[in-house]
Amino acid sequence: MTLTSLSESFCLSTSGKGTYEITDNVRAIARQCGVESGTVTVFLRHTSASLVIMENADPSARTDLHAYFDRLVPEDEPYFTHTYEGADDMPSHIRMALTASSIVVPILDGTPALGTWQGIFVFEHRTAPHTREIVVNVTGK
Amino acid sequence: MTLTSLSESFCLSTSGKGTYEITDNVRAIARQCGVESGTVTVFLRHTSASLVIMENADPSARTDLHAYFDRLVPEDEPYFTHTYEGADDMPSHIRMALTASSIVVPILDGTPALGTWQGIFVFEHRTAPHTREIVVNVTGK
Amino acid sequence: MTLTSLSESFCLSTSGKGTYEITDNVRAIARQCGVESGTVTVFLRHTSASLVIMENADPSARTDLHAYFDRLVPEDEPYFTHTYEGADDMPSHIRMALTASSIVVPILDGTPALGTWQGIFVFEHRTAPHTREIVVNVTGK
């Protein structure tokens, strides 16, 4: 079988800060390519949201993750100057930088090699609703 | 030469919190593929351990890294609710989210282009011994 | 069109802590490959500098990012032991571990799929001037 490489994108509507699972979307794109061995690359095209792998069995893990990031990167730090879009503006960029914009998962035996409890989530850092675009590439044979 | 893509996995036994080097394992898989130009993707299939690139010459850098993360994400935060596996449960997920689950290294002139001091490590965040599975994909020509 | 995979490197001179944009360099390498669908992988070969995606329209976002990291990973922590290269030695490794060494961007319709405000930056963590080497791989068809 010859190597192939396919890129496509999809959108996700977010309704405030939090994590939104996209694992099934990523798996579906990988499956339609019929790649046995390769990689699936997930990329988020924004600077105020990011990607994160998190346990997807018990939602309490994500609740605590959100609470931790609210403390790690507080709003209204007196030294922030990039604030014209509101108190969640600069914290959203920093939280993005501390997590990921791209995640690459090998495809092993025809399936993205995510562990049993690994889900891929969009981590929305803005309070207002947003439409987020995710680009997925599958390369392999 | 035609492009190739190979995925394979190996396991690592960890004996408590800390960093465990896997650079030689990754180099060996890349070498056996005979790829001159491409990428090697390293992926850890767990949510309570992660991957980190760290200086691999002087172990004191890793000692300080461990100490820093113990302070950055303390155990027993009163607001943690995801605690049924113990005090190291939720901190392990957060430390994973703050580091990496996938690392992609270009292959340049037949060799993964790691810098002189860059080692790839599994960053174990749990106190109890665990078996961790790492998946490696090599794609290129 | 057949798949191709090309790796090449370039150097960047830094003049102290801060962020240095390399988006145009990455775009230029991707463009010369003529890949329609694939990935571009950016990798930094150092342990005291890293890569970060940040808003590239308003420089105040990066000013605040620098200030945040100065607070998140302070110099002269009394428990640091890895200090023989100075007060910025150990913090530089930790700041590297908290951001990224590799960023992978899908190529969609012949262009790296960066969002409107996403720039790729080298995040220099050392005070003294350094020469940093970046390796870029483009794989696709």
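Think of it as A, B and C in the order they're written, each chain with its own count starting at 1.
Here is the rule we go by: contacts are C-beta pairs under 8 Å (C-beta built on N, C-alpha and C of every residue); 3 or more make two chains touch, one makes a residue touch a chain.
No experiment lies behind these values; they were computed from the predicted model shown.
Undergrad: Take each protein chain as a node, join two nodes whenever their chains touch, and name the resulting shape: line, ring, star, complete or other.
TA: If you draw each chain as a dot and join those that touch, every dot ends up joined to every other.
Undergrad: Between chain A and chain C, two touching copies, which fits better, same or different residues at the interface, with half of the numbers shared as the threshold?
TA: different
Undergrad: Please compute the C-alpha centroid of chain A, do the same for chain C, then give the distance between them in whole Å.
TA: 19
Undergrad: Mind pulling the residue numbers of chain C that touch at least two other chains?
TA: In chain C, 3, 39, 72, 98, 100, 104, 139 touch at least two other chains.
Undergrad: Under the stated contact criterion, what part of chain C meets chain B in this complex?
TA: 3-9, 39, 41, 43-47, 72-73, 77, 79-82, 90, 93-94, 96-98, 100-102, 104, 133, 135-137, 139
Undergrad: Which residues of chain C touch chain A in the complex?
TA: 3, 37-39, 52-55, 58, 60-61, 63-65, 67-68, 72, 98-100, 103-109, 113-118, 139-141
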